[in-house]
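For reference, the structures are reproduced in the following blocks.
Shared between the two complexes below is chain A, which pairs with chain B and chain C, respectively.
For the complex of A and B:
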């Protein structure tokens, strides 16, 4: 059973998150292993597996990227994140220059204005990627989605790096 | 996870960090990235008339293994012909740096970076 069916959601990339949470808690209550302690071993095993599936499914659908990768898989496009690779393209050039901006920022002791600026640039790109993924899914252009997922992964990474570097800087000055 | 001594050495004292002008005709630039870890690697070579790589440099934003892999490759390719440099395999990088399985993709990235730099150089020569 696919996760959309499991949580009684229409098989569409965009989901009603509130409904997902509601149905998740309903299922969790219904299949919680603690409710079956007096049942047979085989029944307990089935319930445990069901409970694992419910938790896994919830984690998959709740998260934008995981849901995108899962939805691609349901449509016959298996994406292994580890095997994605980009070469000499315009996107990488722009991404690389964001890192150079981060280097400058470090040299300028995280100048507030520049920091905000870089954070905003990255955040805008993340929002843009997500919107585009939703749009391409609607148009069932799965190959395009895969390409944008790569870009989104990169932006999420640099967002993390920026946060980490800034925290290191803050610890140093205090 | 602990890095090997060799990785630590390259990480703490990276060789040949820097960049060449990518518009230079005898410079080949390779820029590669792996979305899963977000690492991005720029590797450049400077080739003389005899087809020998005179100089190489890199700039990598990523984990210790990615930095070490690219640093090592710049050391290796210096003085080599482009044909020799083209034949560098990621497995040799893995052996030299003692990379664990989860970091093999860093060596693949470095192999792809040198290949991309060479093909960029060749493309420039033809045009």
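For the complex of A and C:
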């Protein structure tokens, strides 16, 4: 059973998140292992498997990237986050320019204006990528989706690094 | 005595808070929670055990001996449960007990009663609570739930479970303490919204963020420090008193223990009074609350850092937190209260006694577990998460994360393993818990070897290993070899070396060192690639030497040597350069070899090899 069927959602990339959560809770109220504490070991085992499937499915569909990769897989395109991130050579060049900006920030003690600026640049790119992915999915152009996912992964990574570095800085001055 | 044989229609279900300084138990009767009292109507049981030659005393009685016989009176054992000798030595260098290491790098105490492990001590406390219950209700315990800090690692949880088994209390579930507190409040007062549980006990700090929604308690994320609590305040205050009193050269166990007891009682008095008089041997002086605040402020800041990190991790702002629940005796300290309130910009929930709230929640939960089947309308379930990432060691001493922290439980993940060399017959799998990239910085949970693998070409064998985490947060490993479909089950057991790190340190370090780790990792990976390339090349050269000219061979050998040298020198840049050069000079050889292989073999053989 695929996760869309499990959560009773139409097999489309764009999903109703509220409905997903609602159905997740409904399933949990039916299959959570704690509800079967007095049952036989064999029943417990089956329930445990079911419960794991529910948790895995929820985790996959809830998150934009995980859902995208899963949806690709359902359509016959198997991709892995790790390999996508490494492949994209064009982006490595831009990677450095953004990294330079990050280094500058560090030297300027995270100047508020520049920090906001860089954050916004990254955030805009992320939103842009996500919109494009949704669009390409509608047009069933999966190869294009894969390319944009690797871009998205790349920006998410910079965002992460920026956050980490800023946190380190904040702790130092505290 | 027919009366005693009467069948009880109500099962005896206990919620037990096995705390660092105090333990207690509660049960639900007629829809309300009852705390189990002793003969003197006290619900708390000091988590202290005194070991005499032929006698064990637990609780208040044991507490009386703490200054007279400190060597044989074990207190705050929860801090030592599931810990290694190295950790204990480093973190608690002045404990008054005789501590030795066992064969697994764990510890035991040498007491007048004999050798006692931290598990034994915990089980003796549990037995005492069991006695209370049996005496009060005149029936055996049908089932019980014990609470543990959310941030306990797999070892600490399993040791708690072992103590429960030894004491015979029919444990059915471990429950995270902050979750238990949320249950206590959630069922009584709140119905919907995001709540944060701030749990500062005697020895541990836990924070959990939960989403409450019509009977569902969903833990969104959890974090903490399994070695930060009120005991640290006592230690710091004791040091301060020691410094002020100027009583030097009296560093025996008796002195230490009484100093600590005085610090403890001073701390308690300071929650009520602004200024407290302290007598210590022939010294007399005052400690003001302001002074005390200065001593403990850094500890409180540390807890708030952990909170803000957790909020950031799941993208929540302070404003989105509807309620903050205060749990644990140390939240009675006025400064803790004001600082936490300031940080979250709101009044804090503390209407349920912070000493009782965890046991109350546990009692409600165990009651729920048994009644929810009959009562489908008011079903209540707990969705908890994995507190620490689970990973395996990969080449070069790195960790590959298999299950990430804050993943909903139960969960499982299957990973495929293969051989790295031809005819390899065993694979070592090393399971770790933690957030850092290097194995040495994480907690080592288990090491096991997959043996009797059919000798084959490298990479052909497929072995599936499933890592499963149950609702208690305990880890199970299942192995399925692809060909034999033989199933083998491994439950991680506490029989390997314990590592000496605690979790918040791991998280913090993960933040601080991410860059170093990253650089180091890049370098190590390059090194592995170089070694591998050299190996493959050497093997092929031996076999197909006749394919190339002497001149070409000399060139290859020369570059090989250069690469070997840069590996030895651990020089990343020269490794990269020389690897590139080696690729170039050996390109021709490899293409000749490939051509040769194709010429020599039939299509059938090639197909076979590719399978």
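Descriptive notes on the structure:
Heads up, the rule we're going with is that the second predicted complex is superposed on the first by the 167 of 174 C-alpha atoms of A that agree within 3 Å, B and C clash if a C-alpha of one lies under 4 Å from a C-alpha of the other, contacts with A are read in each partner's own complex, and residues count from 1 in each chain.
By our rule, a residue touches a chain if its C-beta (ideal position, glycine included) is under 8 Å from a C-beta of that chain, and two chains touch if they have at least 3 such contacts.
Fair warning: this is a prediction, and the values are worked out from it, not measured in the lab.
Aligning the shared chain A places chain B and chain C in steric conflict. In the superposed model, A:156 makes contact with chain B only, not with chain C.
After overlaying the two complexes on the shared chain, residue contacts for A:97 are found with neither chain B nor chain C. Look at A:84: by the touch rule set out above, it reaches chain B but stays clear of chain C.
Of the two partner chains, neither chain B nor chain C is touched by A:108. In the overlay built on the shared chain, the residue A:14 is in contact with neither chain B nor chain C.
Once the two complexes are laid over each other on the shared chain, residue contacts for A:38 go to chain C alone; chain B is not touched. Superposing on chain A, the segment of chain C with clashing C-alpha atoms against chain B, chosen from 81-89, 207-215 or 567-575, turns out to be 567-575.
Only residues 81-82, 84-88, 92-93, 95-96, 99, 149-151, 153-154, 156-158, 160-161 of chain A touch chain B when the two sit together in their complex. Within the complex formed with chain A, the residues of chain B that make contact are 29-38, 40, 42, 61, 105, 108-109, 112, 116, 120.
Touching chain C in their complex are the following residues of chain A: 25, 28-29, 32-35, 37-38, 48, 51-52, 55-56, 58-59, 163-164, 167-168, 171, 174.
Residues 172-173, 213-216, 301, 305, 309, 312, 369-370, 372-373, 379, 381-383, 407-412, 468, 470-471, 511-512, 514 of chain C are the ones touching chain A in the complex.
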